[in-house]
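Each chain carries a letter (A, B, C, D, E and F) given by its place in the written order, and its residues are counted from 1.
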Amino acid sequence: MEGNLSQLSYALDTFYFLMSAVLVMWMAAGFAMLEAGLVRSKNTVEILTKNALLYSVACTMYLIVGYNFMYPGDPISAYLPNISFMLGADHTVDAVVAGGEGAPYYSAMSDFIFQAVFAAATMSIVSGAIAERMKLWPFLIFAVVMTAFIYPMEGYWKWGGGWLDQLGFQDFAGSVVVHMAGAAAALAAVILVGPRIGKYGENGEVRAIPGANLPMATLGMFILWMGWFGFNGGSELMVSNVDEANAVAAVFVNTNAAAAGGMIAAALLGRVLFGKTDLTMTINGALAGLVSITAEPLAPTPGLALFIGIVGGLIVVLSVIAIDKMKLDDPVGAISVHGTAGIWGIFAVLFSNSDATFMGQLIGTVATFAWMFIASFVVLYIIKKTMGLRPTKDQELEGLDVEECGMEAYPEFANKN
Amino acid sequence: MNLIKAIINPYKLDDVRDALSELGTYGLTAIEVKGYGRQKGQKEIYRGAEYEISYVPKIMIEVAVSDDALEKVVTCIAETARTGKIGDGKIFVLPLEQVIRVRTSETGDEAL
Amino acid sequence: MEGNLSQLSYALDTFYFLMSAVLVMWMAAGFAMLEAGLVRSKNTVEILTKNALLYSVACTMYLIVGYNFMYPGDPISAYLPNISFMLGADHTVDAVVAGGEGAPYYSAMSDFIFQAVFAAATMSIVSGAIAERMKLWPFLIFAVVMTAFIYPMEGYWKWGGGWLDQLGFQDFAGSVVVHMAGAAAALAAVILVGPRIGKYGENGEVRAIPGANLPMATLGMFILWMGWFGFNGGSELMVSNVDEANAVAAVFVNTNAAAAGGMIAAALLGRVLFGKTDLTMTINGALAGLVSITAEPLAPTPGLALFIGIVGGLIVVLSVIAIDKMKLDDPVGAISVHGTAGIWGIFAVLFSNSDATFMGQLIGTVATFAWMFIASFVVLYIIKKTMGLRPTKDQELEGLDVEECGMEAYPEFANKN
Amino acid sequence: MEGNLSQLSYALDTFYFLMSAVLVMWMAAGFAMLEAGLVRSKNTVEILTKNALLYSVACTMYLIVGYNFMYPGDPISAYLPNISFMLGADHTVDAVVAGGEGAPYYSAMSDFIFQAVFAAATMSIVSGAIAERMKLWPFLIFAVVMTAFIYPMEGYWKWGGGWLDQLGFQDFAGSVVVHMAGAAAALAAVILVGPRIGKYGENGEVRAIPGANLPMATLGMFILWMGWFGFNGGSELMVSNVDEANAVAAVFVNTNAAAAGGMIAAALLGRVLFGKTDLTMTINGALAGLVSITAEPLAPTPGLALFIGIVGGLIVVLSVIAIDKMKLDDPVGAISVHGTAGIWGIFAVLFSNSDATFMGQLIGTVATFAWMFIASFVVLYIIKKTMGLRPTKDQELEGLDVEECGMEAYPEFANKN
Amino acid sequence: MNLIKAIINPYKLDDVRDALSELGTYGLTAIEVKGYGRQKGQKEIYRGAEYEISYVPKIMIEVAVSDDALEKVVTCIAETARTGKIGDGKIFVLPLEQVIRVRTSETGDEAL
Amino acid sequence: MNLIKAIINPYKLDDVRDALSELGTYGLTAIEVKGYGRQKGQKEIYRGAEYEISYVPKIMIEVAVSDDALEKVVTCIAETARTGKIGDGKIFVLPLEQVIRVRTSETGDEAL
C-alpha cells in the first residue's frame, strides 16, 4: 500500500520529467527557426542543416559518453570526472519501495533524456553565432567534442557534484552552466572564424545584414519560451508533494514573468535608442529575460523575477550593440542573449538565494567561462588548421546553401544579394 | 511603333491600367523594379546598425503602341501616375522595329 | 499516509494545471502566426511585434493587478471587485493535508499562470481585427488597461463569483467570458480605427486583400487547436480522481470533435458559396468550432459536440461575409470567429447543461458584451484623441513595418504593393 | 483509501494518455508543414487544405464508426470486426476501485482520442505522396473510407485482438500497422494518379522538382519528432508504477536515439553519394529512424535503438532514389520513410523482442500491406472512374492552388514556374 | 544589332532556351513579369470578396542578336512558344546601338 | 538620349551605384533577372535527382543618359562591374527617343 504510493509518486515524477524533456527537445526547433529567420536566404538551408544535425549529434554523443562523463560513478577527482560508456540499468521497484534517504524517486532514463536535451541546447547557442560563414562538417566535428567532453566537464563541476558544487556555486537551471557556457564557446568560434564579408566597412562602420524571414524568427522565440517551462520547470527535479508542486508552479510563474519583463524592456529601450521598435531586439529581450532567471527561478517573488527579466532585457540590447562595435559578428545575438544575460542572471541569484555568495558565483562564472572558451578555442583552432573553418570568399558571396547543401531554401522567390 | 517604359509607384499600377483600358489600350507588361533617384529610401536601424533602404520599390510598365497612339498614351500614363511628389517616376519612349503576336504570327500594328 | 496521498493528488492536479498553462501560452504563438500569415507582407513585422508584446504586457499587468482584480479577496460588491497588487503565498502542506471541504487541491501559482494566459488570449483577439492599420504603441497602451481592468472586471462577474455567476450564467471555459469578450473589444477598435485603405471601393464594393503567407496562417491554426486542449481541458480544474479524469478526457474528445466539425462544415459551405475551397475560411471554421464548444465542452456527447462545431463552422463563414458587408474591416475574421461563434456557443450550452437557463445565458452575454464594448470604446477613444490610433495615409500605403519597426519581414523577396 | 490510490493512479494514466494524444495530434501540423515545404508554391495552399481537412475527416469518421470497427465489442471473427456507431460510456468509479484483473485503469475517452490521432497520421502519409497532382475532394472522399474502414480493419487484426495478434505479430506502436499501412495506401494512390508533369523526361531521366520552402519542411520534421514522443511513449499505455514509468522513459530515450541515428546516417550517406549534404534527405533520415524504432521502442538498449535508427536512415536514402528510378513519383518521400523504413523496423523487432518470430512479422507485414494496398487501390479506382483523381494538364501546370482554392500561398512573392 | 524582348508563358522558358541553344544562341536574360492583355486572369473569391488575379504571370526574355541572326531567332522563339491559345505572348524587336561584354570590353557582334 | 541596360553580378550593384553617383548620375532602375550565358549554373543533386541551377541570378540596371554622358557612364559601369571572370555580364545601349519626368512633365535631358 505504502509501496504503491511511492510507486505512483515515482511515476508522477518520471512523467513530469519526460514532459519537461519534450519541451526542452522542442527548443531545438526554436533555435532552428530563430536562426533560420535571422540569416539571409542564401544561408538558410545550411543553418537549418546545422541545427538539425547538431541536435542529433549532441543526443548521440551525450548518450555514448557525455552523460557518464558529466555524472560519473567514480570520479577521478572533484576536478576530473571519469570515462565510461552508454547507460546503466534503471531503478528497481525494490529500491524505490524501500524508500528512505536517497531512494530513487524517478527513472534514470528520464533523467538522461532531460540532461541530453540540455547538451543540445548548449550547442545550439554556437550555431547561431557563427551563422553564414562556417563550414558545415567542421562545425559538426566540433559539436562532437563539445557535447561529448567540453560541456560535460564543466557540467560535472557543478551538477555532477564537482568542485564548483562543493564550493557553493548556485545555478538552478544553467544560466552559466548551459547558457553562458554555450556563449563562451560561441565567442571562441566567432573570434576564430571572423566576421561575415561586408559586415564591417573599411572605415570600420557596422553594416546591417537583415534577416530574411522574421515571422520564422518570431516563431522561434515563442518555441523557446514554451520550451523554457520545461527547461526551468523540470530542473526542480520533483513535483510529487505539496512543497515541490508549489515550487514547480513558482518556477513557471517566475520564468514567464522574467521573459515578459525582458521583452518589454528591450522593446522600449530599442524604441528610445533607435526611434523604432526593433522586432529582433524585442525577441532577444524575451530570451535574455529567460536566460537571466534561469540561474534562480524558484526563490524570487514574481515581482523580483519581473525585475530580473527587465534588467536582462536592457542589458541584451546594449550588449548586442557593444559586441558589434567590438567587431565580433554575431548574427543572432547569441553571445549577448546567453552570455551577457547569463552573467547578470548568475549574480542576480544573490538577491533571493541566501546560499549563494558573491565569491562563489564569481568563481563559478570565471571558471566555467575560462574552461569553455579555452577548450573550444583549442579544438576549433585544430580544426581550422586541419580542415579549415571557413568557405572561400566566392562560396560565401554565393551563399552556403548551394555550396554545402546544393539547394536553396526558397528556390522560387529568394533573390540572392 | 514605340515601346513605352514607365516607372511608377506600385500603388498607382491599377489606376494606370484602368486609365489605359479606357483609352482602348489593353495590353501591357508590368515588372517589379527597385528605383534609385532623387527620392531617397529612408535610413533605418537594424539591431543597432544603420542601414539605408536605399532603393524605392517601383513598378515598370512596358506598353507597345503605334506611332499615332503614342502621344495620348504617354500623357495618359503621366497624368494618372502624377502625385506631384518626388518619386513619381519617369517615362521612357523607345523606337520599336517590329512586333509579333506569338499566337497568330501577326506583325506590326495588328499585333499590338 | 492519507496525507501523502492528498499531497500526491495535489501534485498531480498542479502538474495538470501547469501543462495546461503551457498549452494555452502556446496559443500566443498561434495567434501570432495566424495573423502574420493573413496580413500583407508590408505589415507583417508590425503584427508580429504586437502579438509578442501584447502577450508580455498581458502577463505583466495581470500579475501586477489583473489577477487580484478578477479574483479579489474582499470584493466591494457582486458588481465591483477590489484592487490589490501582486500574488500572495501559496498553499501550505497543512492546509492541504487537513483536507475537508474547500481544502486547496492545487497550487495557487499554477492557477495564476493558467489564468494569465487567458488574459493574453483575450487581447490577442483584438490585434488580429485591427491589423495593418493601427499604431503599435497606442495598441499596447490599450492592452495595458484591457488586461489590468477591463477583462478582469467581467471575468470577476462570472469566474470571480460575481453577479453573473450568482445568476447562474454558464460558461465553462469562456466562449463569452474570453472569446466574445475579446471580439467585443475588437469591434470597438475596428469601428474607431476604420477600414484599411482600399478595402472598400467608392461604389462600396468589398475588395479582397489576400494574406501574404498562408502556410504560416495554417500553422497558426494548428497551434491554436493544440493549445485549446489546455484551454478547455485545464478549465475542468481537476483531474485527480476517476470522475475528474473522465471529465477531462471527455473535454478533450469534445473539443477535438467540435473543431473537426467546424472545419469540415466551413470548407464545404465555402466550396458551395464560392465554388472553391477557401483555406482561410477552412481555418476560421476550425477555430469557430473550438470557440463554440468552449462554453460547454463537458456535458455534450461527442456527437452533440460535433454538431455544435458544425453549426459554428457554418455561422462563421456567413458572419465573415456579413461583417465585411457592414464595412467592418476585420482582416483575420476575429470578430466572427470569437464573437459570432462565441454567442452560438453560449446558447448551445442549453442543449446539454440543465443548469443553464436561456435568460441566464442571454443576460450574461449582453452584460459582457456591453461592458467590453463600452469600456474598450471609451479607452480607445481617449487614446485616439490624445496619441491617435492610425498612421498617416502614406505610412499605411508604405506599410507599417518600415514605419513602426524600421525593417521588413521578408526583405529579400517581398514586393510591397 | 486503497480506492483513492487506484483512483489517483487512474487519473495519472489518463492524464498521461491525454498528453500523449496532444503530442500525436500535433503531428498533423508536422505533416502539413513538411509537405507544404516540399511542394512548389503553386500547390502549397492545396496541400495545406488537404492536410487540415484530412485531420478533421479522420477524427470525425473514426469517432462515428472507425473506433468501434477497430475495437469491436463483439467481433464477427478474428478476420472481420463488427460495425457500431459513436462511443459508449466511460468507466465507473466502482469498476476502477473494484480493481483485480482487467479492471479499467484509464479513461476510455482518453483511449479514443489517442487512437483517433493515429488514424489521422495514417492518412497524412498518403497526402504527401500524391502531392501536387491529385484533386482535393476525391482525396477527401478516399480519406473518409480509409479512416472509417480500411485502416480500422487491419488495426483490428493486430491491436483489436484479431488474427494477427493471436498469431503473435509484434508491432508496439505501429511501424507496420500505422506507417507501412499508410505507405501501402500511398503506393496505390501514386500508381493510380501517376507522376507529376515534367517529373520524368522523355528519355526517362528523373528531374528534380525542388520544394519551395525548406524552413517550413524542417519545422515539420521537428514537430513530428516532438509528436513521436507521444506516439511511441503513449503506446506503452500505462505509466503509473515503477516498471511502467521506467518503460515509458526507455521508450523516450530509444525513440530519440533512433531519430538521431537516422538523421546522421542519412546526412552522411547523402554527403557521400551526392557530394553535398541534402537537407531533405537529412529530414527523411530522422523520420525514417523514428519509423524504424516504432515497432519496438521498449526492448532495445539505447545502443541498439541507435543502430536501428542508423540503418533506417541509410535505407531511406537508397529507397528514395530507387523509388524515383521506378518512376513512382513521391514528392516528399512518404513511401520510403513510412514504408521501407517501416518494414525494416518490423523485422528489427527480432533483435530485442523474444516474443517476435520471423514468420509472425513476415505474415503481419504481408497481410497488412496486401489489405491496405488492394483496398485502397479498389476505392481509389472507383473514385478515378467516377469523379476522376487528376486535374487537367493546364490546371496542373498553372498549379492546384488557384484551381482548387482560388488563392495563392504567397501571393506577393511566389513566381509560379 | 537588335534586342529581342519576348513575353512568353513561364513553362515555355526551358523549351525556348533549348531551341535557342540549338540555333547557337546561348546568352539570354529572363525576367519575371506580370502580363495584362487579352488573356484575363480569372476571377477568384477570397473570404467572400471577389478579386481578379487580373495579371497573368509571364516570363520576358531578352536576347541581343546580330542583324543577320534576327530573323531566325525571332521565328525560333515564336514557334517554340506558340500554343495557339490566347496568352501566348508577344515579341518585340528594338534597335541596339551598342553591346559591350563587361569581362573583356569586346564590343559589337563579338560581344554577343 | 540613350537607355543603358547593364547586366551585372548582384553583389556589384552597390559599387556600381556609388561609382555612378560620383559621376553625378543619380537615377537608375534595378531589376532582378536570371541570366543564361557562357557562365553555367552548377549541376546540383536534389533527393538523388540531378538538376542544373541553369540560370545565374543577375541584376539588370537601366540608366537613361544624355548622348554626351553615354561614353563615360558605360565605361564607368563596365570598369566597376568587371572582375575578369566569366559571368561579368553585358551592357546594351539603346536609342531613347523621349524621356518624361512624371512629376513635372519636363522632357528631354532635363528629365534625366
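To be clear about the criterion, contacts are C-beta pairs under 8 Å (C-beta built on N, C-alpha and C of every residue); 3 or more make two chains touch, one makes a residue touch a chain.
Since we're looking at a predicted model, the values are computed, not measured.
**Q** What chains touch subunit C and also subunit E?
**A** Output, common partners of subunit C and subunit E: B, D.
**Q** Count the C-beta pairs in contact for A-F and for A-C, then report the pair with the higher count.
**A** A-C
**Q** Could you grab the centroid distance between subunit A and subunit B? Build each centroid from C-alpha atoms only and quote it in angstrom.
**A** Taking the average C-alpha coordinate of subunit A and of subunit B, the gap between them is 51 Å.
**Q** CA centre of subunit D versus CA centre of subunit E: separation in Å?
**A** Roughly 46 Å, centre to centre.
**Q** Which parts of subunit F, given as residue numbers and ranges, touch two or more other chains?
**A** Each of 31-32, 44-46, 94-95 in subunit F touches at least two other chains.
**Q** Going through subunit D residue by residue, note those that touch at least 2 other chains and give them in order.
**A** Only 1, 5, 8, 12, 19, 210, 213, 219, 274-276, 278, 280, 406-408, 410, 413, 415-417 qualify.
**Q** Of all possible chain pairs, which ones touch?
**A** By the stated definition, chains touch in these pairs: A-B, A-C, A-D, A-F, B-C, B-E, B-F, C-D, C-E, D-E, D-F, E-F.
**Q** Using the touch definition from the top, list the residues of subunit F that touch subunit B in their complex.
**A** These residues of subunit F touch subunit B: 3, 17, 26-32, 62, 64, 94-103, 105, 111.
**Q** State the interface residues of subunit A toward subunit B in the complex, per the touch definition above.
**A** Listed in rising order, the residues of subunit A that touch subunit B are 205-210, 273-276, 278, 280-281, 317, 320-321, 324, 333.
**Q** What residues of subunit D sit close enough to touch subunit C in their complex?
**A** Touching subunit C from subunit D are residues 1, 4-5, 7-8, 10-12, 14-15, 17-19, 21-22, 25-26, 28-29, 32-33, 36-37, 44-45, 48-49, 51-53, 55-57, 59-60, 63, 86-87, 90-93, 96-97, 106-110, 112-113, 116, 136-137, 213, 216, 219, 404-413.
**Q** Can you list the subunit D residues touching subunit A in their complex?
**A** Those in contact with subunit A are residues 1-2, 5, 8-9, 12, 16, 19, 23, 40-41, 210-215, 218-219, 221-223, 225-226, 229, 233, 239-246, 248-250, 252-253, 256-257, 259-261, 263-264, 267, 271, 274-280, 282-283, 286, 301-303, 306, 410, 413-417.
**Q** Along subunit F, where are the residues that touch subunit D in the complex?
**A** For this pair, the touching residues of subunit F are 44-51.
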